[in-house]
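The letters A, B, C, D and E name the chains in turn, as written, and every chain counts its residues from 1.
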Amino acid sequence: MLSKIVRTVANQLVLFILIFGLYVIAHGHLTPGGGFQGGAVVVSGVVMLLVAFSSQDLKKSVRERVLSIMESTGALIFAILGFAGLGTVFFYNFLVGSPIFGRIPPTGPNSGDFWTGGFIPLMNFAVGLKVIAGLSAVVLAIALFARGEEMEE
Amino acid sequence: MRRAIGLILLLVLAAFLVSGMLLVHPFGAPYPTDMDDYIIENAQNQTGSNSVVASVVFDYRGLDTLGEATILFTAVTGVLLLLRAQKRKEGGS
Amino acid sequence: MENIADNFPFVASALLLAVAFYIVIFRKNLIKLIMGIAMMASGVNLFIVALGYRTGGNAPIYTDVPPGPMVLSVPQALTLTSIVINVAVLALMLTMVIHTYRNTGDIDSEKSRKLKG
Amino acid sequence: MDFLVTNAPILIVALPLVAAFAIPLISLSRGGDRGRNVFSLAILGLIVFLVAILARDVHAVGIRVYTFGATAAELAIPHGYTVPVRIIFEVDGMSIFMGLVITIVALASLIYSLHFMKGQTGQARFYSLMFLLYAGMMGLAFTGDMFNLFVFLEIASIAGAALAAYRTNRADAVEGGFKYIVISAISALLVLFAIGILYAQYNVLSIAAIAHFMQHTTLDMIALGLLAIALVMKLAGVPLHMWAPDTYTVAPAGTTPMILAASYTSMYALYRVTFTLYGGLINTTTIGWIVIIVGVLSMFIGVMMAVHQTDIKRMMAYHAISQGGYMLLGVGVGLAVITNPAALANYGRDAMNGGIFHIINHVFYKALLFMTAEAIFFRIGTRDTNKMGGLARNMKWTAAFYVIGALAISGIPPFNGFASKLLIYETVLKFSPVLSVIAMFVSLVTLASFTKVFYAAFTGPELPAYKKVKEVPKSMIIGMSILAAFIIFFGIFPGLIVNTIVAPATNALIDQAGYINAVMGAVP
Amino acid sequence: MSVIGYGYAVWAPLIWIVVLVVIGVMVLVWRNRGQKGYKKGTAQTDIFLSGARVPPEEQRHVKSENIYWGFFESLKELYSGMMKPHTGIVNDYLLWLVGVLAIAILILVVAG
């Protein structure tokens, strides 16, 4: 556990990191970035908390069970989005033209419309959820194991 | 002895790789680009996404991304499996 | 020789591979071995992402893009996939090294070895 | 039914993935263990059904193409265009052959594991990884896209390595897993580098399209070297075999057959690369002889190292290397004469039949043997044959299965090993008598080493420490008896099996043009 | 499939099964002709070694490393040569990989 200044700053900063990560995830179909990158940004916030506080403190608030459920859910959403196109072909982009995210942008350079991309934003979201949960679980598990403790089964 | 043999073989391999790299198309001028041109032209219409990379990652090569997500899932599952709390009675080595 | 100047990124990736092979062959410390593998991955990623570059090309994202050619997008997607795969592999390898250290008290590939012959 | 047949290739790969993602969730709920076991068996049963109908369809109709995300599954190339853009699954006779091998082994392994894993920690993740390993292998067998092949190769290797290191508080287990993942990571990176080289030249990633445009440049040859050697390393061919005994030895029983099958899936990838991707362009006689030499070295060194071992699973692992040599020998002879139609019709095709038939036979009997070895480990807690003795008195079923496996691997007639070995002996004799004699000698030493272990472990006086040893639980016996039944069935009706599933696989390998046309057919 | 359709050759599996069944029946018949008055746990089952003391069971059992001793003894040199590359060090595995890779690419570029 580091000094009080570090802990306070980390506590405030983690919110901004979280928001930035979610921004990157949400705009994956418009700007550089996407689920993996945004997820990694969020996990960097988790690592910062891990450095500022101790791993035991973090263990109390983050349960492995929750991370495991989040990760499986993210992966399942991704796979089910693939299955949903099965009326045509697996991974068919079935949301293009539908009310949700279905708009098609004008060909060529444009300023970007959030409600485009078909199932790509949803997939970005699913992957982001998966990456956040998965990498946090790995980082936490290794940090705890290095201190001679284990996460609960 | 081992070091000398290793260095010689490594040099042979490196020579092949470097000389092979000289035969690749000049940097900055890829020559056939059929597949990529198709994607850059049609990505906006077919997937509705402004980011062509995102449309390749999730639509044109979606299965690769499912595989990639699966690999991440596999690795996380593997790490948590190996770092599990287990009964210490089975003994070492 | 002008070929080398033309293809410098490709040659650099081949050299990275060669250096990485040197590390994985001659360094017995398992952590260094893993670093060698990470370096090899960087070499391959550099190679693939450099393949798609077009001189003066923009990133292939249409949001507010200036006019001009676009670099190829498939290599970027492949590199993205490959980077995530390597992160996953590295995490698993490091976990195994932690366990090796726990079990044998050493991370030298020769001294921590139990199986041979 | 039509919907199922059309979508079977992706369902076979995607259902295990969904199962793997869902298993941790199911295990967390109340009464999760039982629910998880039932769920796993149900999913695998469904997949067995899908594989069966897909196999029927592929054998009756021909290559099945599945394009992801296109408007129709058969539409590999977009309208009015010349190259495939999307990822393609291409299932031909050889792919479905591997699919059958992997599925049957996975079924036996899963049933075997149900009791084997009872009471262990981390079961949910164990089963999840089993399904991931299965999905990785099936994807590798079905895919028609180079980069996708790399991705599935990585899935299979990571899952396999994590499973091999399962018993983390044993130093050797972690070491075996670590070696496996280092080897896999490096070979996968070499494969990726080669894919980059091919992509740089042809700007396509589909196997059929690359084969269509292939021009036999120096870069292509460098790429072939990288691909072939990386895959030879993954399939444990001498002299790159040394990781195999370490990893096979330490992996827990249900998973050892799966990791073994993963090696032969890499062998499938090697055949795919040499036959389909490079096909008519390379100097097949040279490459064929390289494959033959690797095969003969594997046979000889593998078996000689095996006789010497005292660890029962390590001995079997060395035999796996040695038997891999037979497969390479058979297919290598076919490759060496592939440009000579007379020799191909006379013995080349049958040699390839033998080599490919040996894959399925070997996976079955070696899986059975690994399972018996681990059954012994399950009851007495050691793999050292020096400490065993008189086990046949109390473990009758295990002993019987061991005898079946040992006779099959040594090539004794009523069992399946004999059928494929006879094909290899007779055809190789026409190609080069010396090689055939070496193959027979290796079989002899194999029989000797299995006799040695049988004598040391199962017969002799009943050691006092093992007087109370019991037979293994029922699910393990069922898992083993599935494989034993297949071994005997294949041994009695080899002609039937060769005609129905092996010959289509051989034809698919030889028929490069058919594979390319299935995708590129519309191109002028 | 000329080779695999073995017809009625000596190694046809059906013939072998018949032979195995015949052998099994013969063994059973032979077993039934044995002593019927055998009782477990009496002196009948003890081992008799011309009056010498019978060693305990662990020593009576031939251990697996002692089987084929002569075979290994005569091939000592082959085995010492073969064991040398099997070091079990992961770096050596990779050195083999590099070596084989270099040679394979050499062969393929020259002769492929």
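Please note the rule applied: a residue touches a chain if its C-beta (ideal position, glycine included) is under 8 Å from a C-beta of that chain, and two chains touch if they have at least 3 such contacts.
No experiment lies behind these values; they were computed from the predicted model shown.
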item	value
Contacts common to chain A and chain E (chain labels)	B, C, D
Chain at maximum distance from chain E, centres defined as averaged CA atoms	A
Contact-richer chain pair [A-D vs C-E]	A-D
Farthest chain (mean CA position) relative to chain D	A
Centroid distance [mean C-alpha coordinates] between chain C and chain B, Å	9
Inter-chain centre distance, chain C versus chain D - centres from mean C-alpha coordinates, in Å	28
Rounded Å distance, chain B centre to chain D centre (Cα mean)	23
Cα-centroid distance, chain A relative to chain B, in whole angstrom	21
Multi-chain contact residues (two or more partners), chain D	14, 17, 21, 24, 68-69, 121-122, 147, 151, 154, 158, 161-162, 165, 168-172, 174, 178, 182, 186, 200, 205, 218, 222, 246, 308
Residue numbers of chain C (touch at least two other chains)	17, 21, 24-26, 33, 47, 51, 59, 61-63, 74, 78, 80-81, 84-85, 88-89, 91-92, 95-96, 98-99, 103, 113-115, 117
Chain B residues counted as touching two or more neighbouring chains	6, 10, 13, 16-17, 20, 24, 30, 33, 35-36, 39, 44, 50-51, 53, 57, 59-68, 70-76, 78-80, 82-85, 92-93
Chain-chain contacts as defined at top	A-B, A-C, A-D, B-C, B-D, B-E, C-D, C-E, D-E
Contact footprint of chain B on chain A as seen in their complex	28-32, 34, 64, 68, 71, 74-75, 78-79, 82, 90-91, 93, 96, 101-108, 110, 112, 116-120, 123-124, 127, 130-131, 134-135, 137-138, 141-142, 144-145, 150-153
Complex interface listing, chain E residues touching chain D	1-6, 11-14, 16-17, 20, 57-58, 60-65, 67-68, 71-72, 78-79, 82, 85-86, 88, 90, 92-94, 96-97, 100-101, 104-105, 107-109, 111-112
Sites on chain E touched by chain C in the complex	83, 86-91, 94-95, 98
Chain B - residues contacting chain E, complex	2, 5-6, 9-10, 12-13, 16
Residues of chain D touching chain B in the complex	14, 17, 20-21, 24, 68-69, 78, 81-87, 121-122, 125-126, 128-129, 132, 135, 139, 147-148, 151-152, 154-155, 158-159, 161-162, 165-172, 174, 197, 200-205, 217-219, 222
